[in-house]
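Look at the two complexes coming up: subunit A is in both, with subunit B in one and subunit C in the other.
So, the complex of A and B:
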């Protein structure tokens, strides 16, 4: 078995609310190995996004531990955790979350600049990524000038900018029609083929079937974890 | 590198919201101009008064008593005293000053007939000085009194117009000394030049001549009296040391340095301006702070999703917090730079209005620039920029990434 990129051990996430605490994750353990491809499915509100946020180090579990490349994330200071997100993790959201004042090119270049990549290398990588997602011709366009599918492909290019080990996608096709959604899914397949570990949360059964490993959640728990 | 990128980001945030940014920058420019003016006002009178006192390079005064100059008893044996003080190693120069009131020869008739206009009582102030020492006035046209030691007279522009005189003209003056009964005989002078006198107010008629001529106007021949002596300390010695040396020699005399006079005025007469300007500067600064704080807070709250996105893709907390700080700096900085020329224009305008107050010497200004004022301006504005950014910076620092992204999807 290959070494895990990220591993959740007995993770719980409880949101204290005025109307009563909500348990989004209850004692979840999940191990994602390098280069693995898995889908997470389950009914709405079962905690899929919350799990993805915890795996991506943007949320902190209320109990249990998260180990990223065998380091306990809870003990890391903000700068270190940010560095993990910047260099090791790529995020793709249902709503894209591109920066509206930046062009497609600048959106893809931003994480590289932030990581201190030299200008020439940045240029080559950005061109390569936009080409990879089939948007070389739209480099100078702002998100408002792109279609949903194009925005999502830019978001994927941005997520890949620093060659992360782990790509986390939360309903990446949720806002797209079947054809464009299919293109995005193809892109994720290709990514996995290139060696990145991919975790996709989806309501789309067809898309979920693309991954060899399928994780079922219900009420904040993993109820089934199968590999074909 | 990181700083540059943060600055570029702040710049992008600013240019994408042109209406908000223009509002902010103009607001800061208006507030900054007012603040800058208040700083110029707070010490303007003091600085300008000091400049007038320092005219001719004299930095201390010797009087017979501690009474206001020209109202107390005179110094006797003035030339002997001046020479003795001049001989002190701490002293570079001594000027004797004797003032006399006079009327122009034909003017006395006019005032006797009661046709004098209200403001202009026809009285001329004659300043007598030692013509061998650096004068207290500045020649604007023609030559100094030394040109004609016996009869020379320099007059200010206003008096020249009143008398219709110019260099070369003859002017007959009648001294008004002591009791009215003893009317000394008139004296005829030759105008050698037009001069400006440091403490002249716009309607003043002032003339300068030798101290002997001034005495002659009062019918005195060998009085050798002066109202005061102006002393210039030797370079590198300082007024205080020179004053101490004079005091050691003549403890009966009253010696004040220019610094002491200014100090007294700034504590008493000028303190109103300082207080008013402090209050207005504080209020102004507070408005500037409020404006920028509100604009930044609104902007941050509108872009929480983007900020959370930046955090999610790996920007550190320090980095996004710095972004808000830079945004504040760019806004306040741009407005603050714009404010300075506006401030100068408004200050000149206000200065002109205030100087129309009666009895204000022509050379006195209310708004005076000094590098210190600019320095203080920069410090105060920077503090305001930082304070204004503090609350939005706190919002950003405490922003939960996952919760905010979720909120963005829900809304």
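So, the complex of A and C:
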């Protein structure tokens, strides 16, 4: 078995709320190996997004351990976790979350600039990525001038900017029609083919079927984990 | 040498008497010369060479004949700018003759105040002590020391400081509200940046730089505006009160002080506004 990119062991996430604590994750263990492709499915509110945030070092579990490339995330200071997100993890969301004041090109270039990549290299990488997602011609356009599918492809290009080992996608096709959703799914397939570990949370059964490994969740727990 | 007329009852009497006097056509002998202020010349349509009668009493009794030998621009007096300086300058013997009581010989050579110029102004205090020691009953004081006149300005200065303080406080609150709105508007941007892996420090620095820039541009704009309007302001009030007084002057010290107050205030406001937001925005954008 290949080395894990990220591994959750007995992870729980409880949100202390005024009306009573909400247990979003209860004793979840999940190991994502390098270059793996898996889908997470389950009913609304079962904790899929919460798990994705924990795996992506955005959120910290209230119990259990999370190791990212063999580092205990709980002991990392905020700045270190930020660094991990910047260089090792890419995020794709249902609602794209592109920076509206920046062009497609700038959105893709920004994380590289923050990571300290040299200008020339940044340019080459940005051009390559926009080409990869089929949007080389739309580089100078702002998100408001792009369609949903195009925005999501820019978001994927941005997620890949610093060559992450792990791509986390939370319902990446949720706001797209079947055809454009299919294009985005194709892109994720290709990405996995190029060696990036991909974790997709989805409500779309067809999309989920594309991944060789399928994780079912219910009430904050993993109830089924199967690999075809 | 001319004795400066002082804004005292006697002077006002002189002026009042002047107002009832009329220029004469011919004078038997050459009348003593006087200087009158430009404002007085304009108010009474007087010119050099005109002869006038002056009296110490408003009733005009015991008036004397004088000839206008010059018109001068009075040194602006900030304490009197609201009243036009309708002043007359007489030779000291003429003034004494005019104001003295003929029945009282002592009044002929009595003065209430004289100005003494010192070779070294730093000797003023020593000189004053010396006078006090030699001439009991005579008070001597340096004109530059804080007396009643300058005290008025100390009060005005305090008043201005209080107004400035309230203004700055008000604008600081306004600025803070503005920054909170600005930062709040960018809540989602901050969340996206946090998700992408920007550190809190990095975002805070960015917001700080922006706050400093806004404050700097604002302060510079304010200073430029003040410089632009000071001419207009001065010209209006100089016209309004017919004086050469300068009412407003933007000095380097004023510029410096406004920058020193504005820039840290801007940075502070942006820091305060973004800090709480950054604390709340862990990096969650999933809602």
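One rule holds in what follows: the second predicted complex is superposed on the first by the 228 of 228 C-alpha atoms of A that agree within 3 Å, B and C clash if a C-alpha of one lies under 4 Å from a C-alpha of the other, contacts with A are read in each partner's own complex, and residues count from 1 in each chain.
The definition used in the following text is that contacts are C-beta pairs under 8 Å (C-beta built on N, C-alpha and C of every residue); 3 or more make two chains touch, one makes a residue touch a chain.
Fair warning: this is a prediction, and the values are worked out from it, not measured in the lab.
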- Query: Superposed on subunit A, are subunit B and subunit C clashing or fitting side by side?
  - Reply: clash
- Contacts of A:111 with subunit B and subunit C, given as first, second, both or neither: both
- Item | Most subunit A residues touched (candidates subunit B, subunit C) | B
- Query: Between subunit B (first) and subunit C (second), which, if any, makes contact with A:20: first, second, both or neither?
  - Reply: neither
- Task: Applying the touch criterion given at the start, work out whether A:85 contacts subunit B, subunit C, both or neither, answering first, second, both or neither.
- Result: both
- Clash-wise, after the superposition, say which stretch of subunit B runs into subunit C: 55-63, 127-135 or 235-243. 55-63
- Note on the structure: The shared contact residues of subunit A with subunit B and subunit C are 49, 53, 58-59, 78-79, 82-87, 89, 91, 93, 97-99, 110-111, 114-115, 158
- Query: Contact residues on subunit A for subunit B in the complex?
  - Reply: 49-50, 53, 56, 58-59, 78-79, 82-87, 89, 91, 93-95, 97-102, 110-111, 113-116, 158-159, 162
- Item | Touch list for subunit C against partner subunit A, complex | 188-189, 191-192, 194-202, 282-286
- Item | subunit B residues touching subunit A - in the complex, by the definition given at the top | 1, 5, 12-13, 16, 305-306, 309-319, 400-403, 405-406, 408-409
- Query: Quick one: in the complex, what on subunit A touches subunit C?
  - Reply: 49, 53, 58-59, 78-79, 82-87, 89, 91, 93, 97-99, 110-111, 114-115, 158, 170
